[in-house]
Amino acid sequence: MEPISLFKAVLMKKIGIILKPNHPEGKATLDALVDWLHKRDKEVVSIPPQNGLAPSDLDLLIVLGGDGTFLSAARRIEGMAIPLLGVNLGSLGFLTEITRDEIYVTLESIFKSDFLEDSRQTLKSFVERDGNQSPQPTVLNDVTLHKGALSKLIHLEITINNQFVTTIRADGLIVSSPTGSTGYSLSSGGPIVHPSVDAILLTPISPHMLTNRPILVPSTAEVKVVLKTKDTGPVAMFDGQEIFPLLLGDAVHITTAKKRLKIIRSPNRSYYQVLRQKLKWGES
Amino acid sequence: MEPISLFKAVLMKKIGIILKPNHPEGKATLDALVDWLHKRDKEVVSIPPQNGLAPSDLDLLIVLGGDGTFLSAARRIEGMAIPLLGVNLGSLGFLTEITRDEIYVTLESIFKSDFLEDSRQTLKSFVERDGNQSPQPTVLNDVTLHKGALSKLIHLEITINNQFVTTIRADGLIVSSPTGSTGYSLSSGGPIVHPSVDAILLTPISPHMLTNRPILVPSTAEVKVVLKTKDTGPVAMFDGQEIFPLLLGDAVHITTAKKRLKIIRSPNRSYYQVLRQKLKWGES
Amino acid sequence: MEPISLFKAVLMKKIGIILKPNHPEGKATLDALVDWLHKRDKEVVSIPPQNGLAPSDLDLLIVLGGDGTFLSAARRIEGMAIPLLGVNLGSLGFLTEITRDEIYVTLESIFKSDFLEDSRQTLKSFVERDGNQSPQPTVLNDVTLHKGALSKLIHLEITINNQFVTTIRADGLIVSSPTGSTGYSLSSGGPIVHPSVDAILLTPISPHMLTNRPILVPSTAEVKVVLKTKDTGPVAMFDGQEIFPLLLGDAVHITTAKKRLKIIRSPNRSYYQVLRQKLKWGES
Amino acid sequence: MEPISLFKAVLMKKIGIILKPNHPEGKATLDALVDWLHKRDKEVVSIPPQNGLAPSDLDLLIVLGGDGTFLSAARRIEGMAIPLLGVNLGSLGFLTEITRDEIYVTLESIFKSDFLEDSRQTLKSFVERDGNQSPQPTVLNDVTLHKGALSKLIHLEITINNQFVTTIRADGLIVSSPTGSTGYSLSSGGPIVHPSVDAILLTPISPHMLTNRPILVPSTAEVKVVLKTKDTGPVAMFDGQEIFPLLLGDAVHITTAKKRLKIIRSPNRSYYQVLRQKLKWGES
């Protein structure tokens, strides 16, 4: 069931690295890593974490940081087939499963074409206003509509495949991929969804109506959420990082993206192991 | 996305009816329905709700009752391709979507081969004890391990595809199909899962560890739950109706069944409409 | 247990009325009510809902609107002994229990000194910054620290009676009175607290750590919540209406106010009846 | 706010000890403790954990075990003024706050009359059947009505001070003291209630109606819960240990007991510290 595949004999020549900004210790890790890669005749490209696309001819993109840096990195290679390797500079992350200790062993395995790869569903979205479409970044985790600076709750109308679902009054609504289920959605009461389930998860944030529960719809669903609140403040957030101010009547459309994201997995940790460790399961 | 299909020109000659037991008003509905069907030259078979299989040559099985009667009826046609039509004798049900008023109009449409049909995932399970397998009824909603008459919580070990997931201490664990997500699982804090999502949902009941959340795994998962509690009381329940007492070490295996269940849907109600009505959404 | 008392022979001469702004139908109700009161020789004062204190010599303040207008009205009579009567212009409210139909019958009872009165706990708070204290409005429902326009969660440090409680990372924290338990706190997963329980309720909003649960502390508690996030956006909100932008290091102090708020209750509805009606309990 | 008091100069001569049954390592701890106490001229009485009352002239009752043993011990001294000291043989408990390492230091402090004591609310209850009252054990944590061996949910009617509250359909209902809020109630979604809040907490277990939330009522409330289900299986449980089979129409009455339970607290751990440790708060 684990959505893994074995790469065979990929030549990894050109390697990008993204480092979490303002992380002094990470800088040392980066420098050592660059040296190590140069000694193995790899071309190394340092990628700024915040803006613009990474070169499309990278063979691998290494992320040094936490899950936030990883999400940001995923947007740098939007639509490309470059696999991502997440190295966590602190504790273990849901996306950055490789610890600092494991970098070199993992890379050696990768260069021998001996590694596991996940192919993760991502979400594509655009905001529709007055008949115009404003494309938004593709996300790995979630698209969230939120009241933002507004002090009261917002009204949202949810439609799926042109079928009216419901109107909710809440602080917001998280539309997430299975990967995103362990992010913001989990804090707001959502379930855990294994990355290989084909679904889109809708989790209301502090809903006024207590029967508004998280709901999973098929990954083929065309989700449309319309802001029915006339006030300044509400925003759409993409992976909790990019922000787009919303106006009354704006419709946020979310669908599963055609291209999936390639993530290199730790060979030593199953999905459930990461869950147990992150959620501190199993201890009495 | 709605998992519907259009039947073409099926001759519906032999029709079974299951009536909820001890339902005096339902008896009148049944009698009138039988008359109505006889006038249309249908062969009508009355099926006892509790035990044994229905005749396998039925063209349609009508359920008069609530969701409980419907679940029971589904087990009467296990493995057969007979479509089920649920008529609710009381208020609207998640499974019995047709109201009493709509029976005849709906049947007339069906006899003209003009109707919608859902194909629902079901769950197959067996209990493994000392190397022997005891097959259990196929369920539409859920298989639940529960402490039963025991006054304290039970220990359960969860394995998926032979990968250890976690050990939980709880009142129980509900393993449900998407259809079952609006049943017992919802009361225990589980999410709503659209019937066409391919997944199995695991919802802990009153878990001792607060981070034990509902989790969705792919429908291809082979779920195994082992009872680690040495005491009398714990049971496995199948659709909340059939009960099997469990002993220390018993392993309940749950997988998606190969055959899906055919349910005839109301043409007047979308899935989301039933949700709104049952969960009283949309009212301020 | 219902915290009621019987007023004896209070002469009600001067009556204030607050009308929900921008409510055309409410205007007609107001006009009719003023006429009715004038005929009974009452002095009537129209109070603007938004700002400033009401005259301190009012014998009664009538609120025409919803719970929001009621909360706003409560701040207009802060520290005064004026009883509030809430008339709901729409559906039933938790605070505005009198319907439009019941206005005149209720007022006639009140003028005969035949009515029930609740005495509700309120919360006093101030924000401490660089050693200075900025007093904030006394609230009936809640004081909330919230991330506001910030896209990521905030860090909060909670101290009670100078004892460190915990640090949470969340969208925010609601500190509410029992009356406020059926407001924002309920949407965020908090329990219902009967108004006559002496307690302060702390409810985290979308907490990162799943074990951060709502907690009730005695009404004598001195709650202090310090913002540990260095970023623009976070705010303190008072009854969800008044907003105060917070900076890194700001400490919001919350205690039970010395003066309680007098609310005139409907003689026809118990607290539990209002709960049942608002939460739609009791229907199958 | 911590409900503590300082005992002055109590002569502690006669000391009872209750050991968790079937705990081989605990036996060694017990033997060493008895020796240590004998050397200090104390009279030591070993109390069987399961049944009967402890001698009423004990000056202190030491519990060696977990929270379960502590709850059982509390029933052994029902109505007596004997303080309880809980020593946890495993990890930290909510009630057994003293670790094995701390026994002797703690006892030396106690014998110098230098210790903190909590006075905890307990719950008294009886079952009413056909006009007869069957008194039940006083509990420290909770009285629970549960479906027990029954496979379907039960109907319960809740009344407080003779006022109808609501009818719920659920797996059960937990009526708990503030102390019990961190027990079964917490697993079923209840809030944490500081032991010095005067309240009774009602937490539904897997309620059919999603708006049935935990509710706190004043400690003066007379709670009555009537079983409306006609079937074998349902039980009342007292501190999760004593079980009483319920019949249709049985009314379980619960009120705050007149006598409170004295618990000797660890001087090194605040209530919030125990919470943090048990709920693993504060770690990222």
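A, B, C and D label the chains in the order they appear, each numbered from 1.
Here, a residue touches a chain if its C-beta (ideal position, glycine included) is under 8 Å from a C-beta of that chain, and two chains touch if they have at least 3 such contacts.
The model shown is predicted, which means the values in this text are computed figures rather than measured ones.
> Work out the mean Cα position per chain and let me know which chain is farthest from chain A.
Measuring from the centre of chain A, the most distant chain centre belongs to D.
> Higher C-beta contact count, C-D or B-D?
Most C-beta pairs in contact, of the two: C-D.
> Distance from the CA centroid of chain B to that of chain C, rounded to the nearest Å?
The separation of the two C-alpha centroids amounts to 45 Å.
> Between chain C and chain D, what's the gap in Å when you average each chain's C-alpha atoms?
35
> Return the distance between the CA-based centres of chain B and chain D, expressed in whole Å.
39
> Would you give the residues of chain A that are in contact with at least 2 other chains, written as numbers and ranges?
186, 210-211, 213, 279-280, 283-284
> List the residues on chain D that touch chain B in their complex, please.
Going by the criterion above, the answer is residues 148-149, 151-153, 170-171, 184, 186-189, 205-208, 210, 233, 235, 237, 240-241, 243, 279.
> Can you list the residues on chain B that touch chain A in the complex?
Counting only chain B, the residues touching chain A are 1-2, 160-161, 163-169, 178, 186, 190-194, 196-199, 201, 209, 211-218, 220-221, 270, 272, 275-276, 279-284.
> Can you tell me which positions in chain C touch chain B when the two form their complex?
The contact residues of chain C facing chain B are 90-91, 210-211, 213, 280, 283-284.
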